[in-house]
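In the two complexes that follow, subunit A is the common piece, with subunit B as its partner first and subunit C second.
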Partner chain A sequence: MSRIAAVLALLAMATIPLVAGEFYINLATQILIAAVFALSLNLLVGYGGLTSLGHASFLGFSAYACAWFSTRMGLGPTASVPIAILATTLMAAFFGLIALRATGLGFLMITLALSQVLWGLAYRWVGVTNGDNGMSGITRPEPFGISLASAGNYFWFTLVVSTIAFAMMTMFVSSAFGSSLQGTRDQPLRMAALGHNVWLVRWLTFVYAGFWAGVAGILYIYYHKYIHPTSLSISSSAEGLLSVIAGGAGTLSGPIAGAALLVLLKNYASAYVERWNMLLGFIFVLIVLVIPEGIVPGTRRLLGRLRRGDK
Partner chain B sequence: MQFWIIQSLNSLALGGVLFLLASGFSLIFGLMRLANLAHGALFMVGAYIGANLLRKYAFIDLWMAALLSGLMVAAAGGLLERLVLRRLATNPLGQVLVTLGVSFIIADACLMVWGGDPIPVPTPSYLRRPLFVVGFAFPAYRVVVVGIAIATAIGLYLLLERTRLGAMIRAGVDDMDMARAVGIPVSKLFTAVFCLGAGIAGAAGVLAGPILSAYPGLDADMLPLALIVVILGGIGSLVGAFVGSFIIGFIYTFGTALVPDLAYVILFLPMIFIIAYSPQGLFGRMAT
Partner chain C sequence: MSAPVPALEIIALQKYFGGLPATQDVSLSVMQGERRLMIGPNGAGKTTLFNQITGDFLPTSGAIKLFGRDITQLSLHQRAHLGISRTYQIITLFGKNTLEHNIVLSLLGLSPSRWNALRPLSHYGHLRAEARAMLDRVGLGGLADRRVSEIAYGEKRRVEIAMALAQKPRLLLLDEPLAGLSSEERASVKTFIAAIPRETTLVMIEHDMDTALELADTVTLLNFGKIIVDGTRDEVIRDQRTRMVYLGE
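So, the complex of A and B:
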């Protein structure tokens, strides 16, 4: 049933470039990129119970690496994209070694501190990152000779990649490994007693989440054709975390809904109010106080109540 | 030679500022198990309030500005604890997220009210003269900042170890349920400690003003330094915050002076080694 719904939703989305104007196509592309990023963070936050406040590190690093290898080293996308994703995954493996020495609030603080290091590096190491000016001059790739320059083509490309990402992450959490991951979230001591290596389960998840955030980073850099240190900042990580929590951590569709909500708010609200960061702060406080479980589980509960009321 | 001595003194001054910031963070974390991510923002708002008090009223000097600003930020912290954080007592993750949201609101409000240009905080005139020690000229104010940090450390130590209030706080840190059971008003302690931590951060913002001045982004610059200090020193430990502050003060100052591009990376190396060796930090007692 839900599989049919997913296919229908996918088909409906694929028609967007045929019926909508360029502004809406770009909006949809941004939502998809934010959704891949939120989904990858959800693996840690929702399924692993590990709240990371530094996930933008992986998106930003991958985007910077891709931009650097293409513009400074003159590599084509067939080389720069795999290198960027591989480098990001290796960095996730290394960050995971450090951050997973702790769990809970300690984990959150270490991931935040690590991401701030990268952010500071992007700002200060002007020789490599071009500092506050950001890096530009990236051209979109042409896979199989198809130009991705138009908004519609890039949307389709993003849709294909994000569908694969969604499917792979869904398989990850519904596999036996995904079950043991949820076990380490709920009962780490019992899982350890049952012979599971709790640390290894968490670390592999951390690396896998870093990999998909790296993929989101590639989509991000080719969409914007520009990267600035703010992509690595705490507010960037916080936006991802807010998408996950607003949509519903530990659900498959929640982060997508949360990412859509955030991208739409950011685009429409910034037309009316100048203070996006303040608005972001208020949404954070409001969501945590009012619907801490997230929109998708909250709506589901509400619908369930209505259905029972009908009987 | 002069380079090393001057930079060492700068390191001590930065260490002092970091201690004033990190001690409050650590105190709040120790008792309430709450990572207050708005701490950097409270520091920044303190700096702005102090800078504006000094600009508007001629009769207010730096010390009075620090005191007033500290009191105002303490009151704001108390409101935050009473009105928002209290409702989330059973949801530690929610508390962290709320303090993060609040830090965005405060930072953006500062930008809205005081604009994007840095506001300098003047050094008191009698501390502008350089201090000559063994033939080298030191800015006298930086020596005073180190003195204030040491005095604050001693004051907090005496408060925690030698007073009834401190005994109650320590009891709450060690075993909160038992502390409640023997009649310690833990709930009131929470507010008191949060006010104290926020107040020190607010006053620290003013005292750091002549060195750092008040500018947008000050919060984002200071929060990671405070986080690294407490991760390094051990979360919730006063001694750890003190030692960690000066270690980070030295590493950051010399890193910025010697390899400005990579100062942040050098900063993060000791953290990796310490965490790899002992996840609780140098002086931490509990594994979180």
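So, the complex of A and C:
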């Protein structure tokens, strides 16, 4: 059932470039990129019970690394993309060693602190990052000779990558390992007593989440063809976290809905309302009040109530 | 032939919480296959001793050996792999999950499959079959698909024990397995505790003497973190010091 629904949704999305104008195609691409990022964060927040406020580190670092290797080192995408993702994954492995000395609030503060270090570096290490001017001059790759220069082609490329990402992360959480991960979220001591290495389960998840945020960073850099320190900032991390929580942490499709909401608000509301952040805050409060479990599980619950005819 | 190696050997164990002694110079050994009952008033340090055997707490000093191997510094999960399983006095289950899934998590704990992130858990039919067989053994087979949060307290106690038994432990620590059960439930839990094979060494904390003494070969009486009396069931029952602790004479 849900598999058929997923295939239909995928087919419907694939037709977007055929029917929609460039503005909408680009909007859809941005949603997909934000969704991959939110899904990767959801592995930690929703399935691991580890709330990170520094996940933009991995998206931003991967984007910077890709930009740096292509523009400064003159590497083609076949080299710069794998190197950037590998470097991001290694960084996640290292950050995980530090951040997972704690859980809960301590974990949140350490991830925030680490991401602030990177953000500061991106701003101040002008020789490498070009500081506040950001890095530009990146051209989109041409996989198998297909140019991704047009909005439509880049959307399709993003759709393929994000579908793979979604499938892989879905597999991850429904696997034996994913069950252990959710067990460590609910009863860490019991899991340890049952023979599960709680720390290692969390660390591997942290690394895996970093890997997929790195993939999102690649999609991000080739989409914008530009990277600025803002992408590494606390507000980028917070937007990811908002997407996850608003959409439904610990659900498979929740973060996608949350990411869509955020991107749409950012693009539409900012055109009409100058302080769109305030509107975002207002909507977030509304979600917390009406459907605290998030858009996807919340809507499901409300629909179920309607169907049963309760008040 | 040398003397048989005890399943569990505790040597001069001390545990302080700040300045408060919770375990004071405890030494004991439990032979393989033995059924040992730990008794003592509330706050005597029974659960604290359990927590040091399983690795929840590290002792301040002293040593713990499992089948002759020093495990004092090993972590919780490493000890589980050496054959220690436990139940908790305060029920510690996965409330949102089904009974079957609770047991599957227990089976996964010792299975290399727990690292597999590329195959859906639903494909592990043998784990689920094993979990169901275990639930049948404790009389909960019919509830396998129910969530733990939906079942009764007495049934949760049995899930606790089933989770520990599913790991086929060499040393099983039961922390008040009968607490809060009705007399009928006590009788049924007692029956399947009695049916645990002798390959499993059993150490049990229990306040219900009537039921627990029948299951025990040997008894250790703790008070203020110290061993007061230690011996066969009848010795400990007859000992004057046991009366002192319980009746305050």
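Definition applied: the second predicted complex is superposed on the first by the 293 of 311 C-alpha atoms of A that agree within 3 Å, B and C clash if a C-alpha of one lies under 4 Å from a C-alpha of the other, contacts with A are read in each partner's own complex, and residues count from 1 in each chain.
Following the convention adopted for this analysis, contacts are C-beta pairs under 8 Å (C-beta built on N, C-alpha and C of every residue); 3 or more make two chains touch, one makes a residue touch a chain.
Nothing here was measured: the structure is a model prediction, and the numbers come from that model.
Asker: Thinking of the overlay built on chain A, is A:Met73 touched by subunit B (first), by subunit C (second), by both, or by neither?
Answerer: neither
Asker: Taking the superposition as given, does A:Leu8 touch the first partner, subunit B, the second, subunit C, both, or neither?
Answerer: neither
Asker: A:Val198 contacts which: subunit B (first), subunit C (second), both, neither?
Answerer: After superposition on chain A, A:Val198 lies in contact with subunit C alone.
Asker: Is A:Ala176 contacted by the first partner subunit B, the second partner subunit C, both or neither?
Answerer: In the superposition, A:Ala176 contacts subunit C only.
Asker: Who does A:Gln187 touch here: subunit B (first), subunit C (second), both, or neither?
Answerer: second
Asker: For A:Leu114 in the superposed arrangement: first (subunit B), second (subunit C), both or neither?
Answerer: So A:Leu114 only meets subunit B here.
Asker: In the superposed arrangement, does subunit B or subunit C reach more residues of subunit A?
Answerer: B
Asker: Which parts of subunit A are touched by subunit B and by subunit C alike?
Answerer: none
Asker: What does subunit B use to touch subunit A in their complex?
Answerer: 29, 33, 35, 37, 84, 87-88, 91-94, 96-98, 100-105, 107-109, 112, 220, 223-224, 227-228, 230-231, 235, 260-265, 267-268, 271-272, 275-276, 279, 287-288
Asker: Considering only the defined contacts, which subunit C positions touch subunit A in the complex?
Answerer: 54-56, 75-77, 80-81, 85-86, 88, 92-96, 101, 104-106, 108-111, 113-122, 124, 163, 167
Asker: Could you list, by residue number, the parts of subunit A that touch subunit C in their complex?
Answerer: Listed in rising order, the residues are 171-172, 174-180, 183, 186-187, 189-198, 208.
Asker: Which subunit A residues qualify as touching subunit B in the complex?
Answerer: Within the complex, subunit A contacts subunit B at residues 51, 53, 97-98, 101-106, 108-110, 112-114, 116-117, 120-121, 124-127, 233-235, 238, 241-242, 245, 275, 277-278, 280-285, 288-289, 292.
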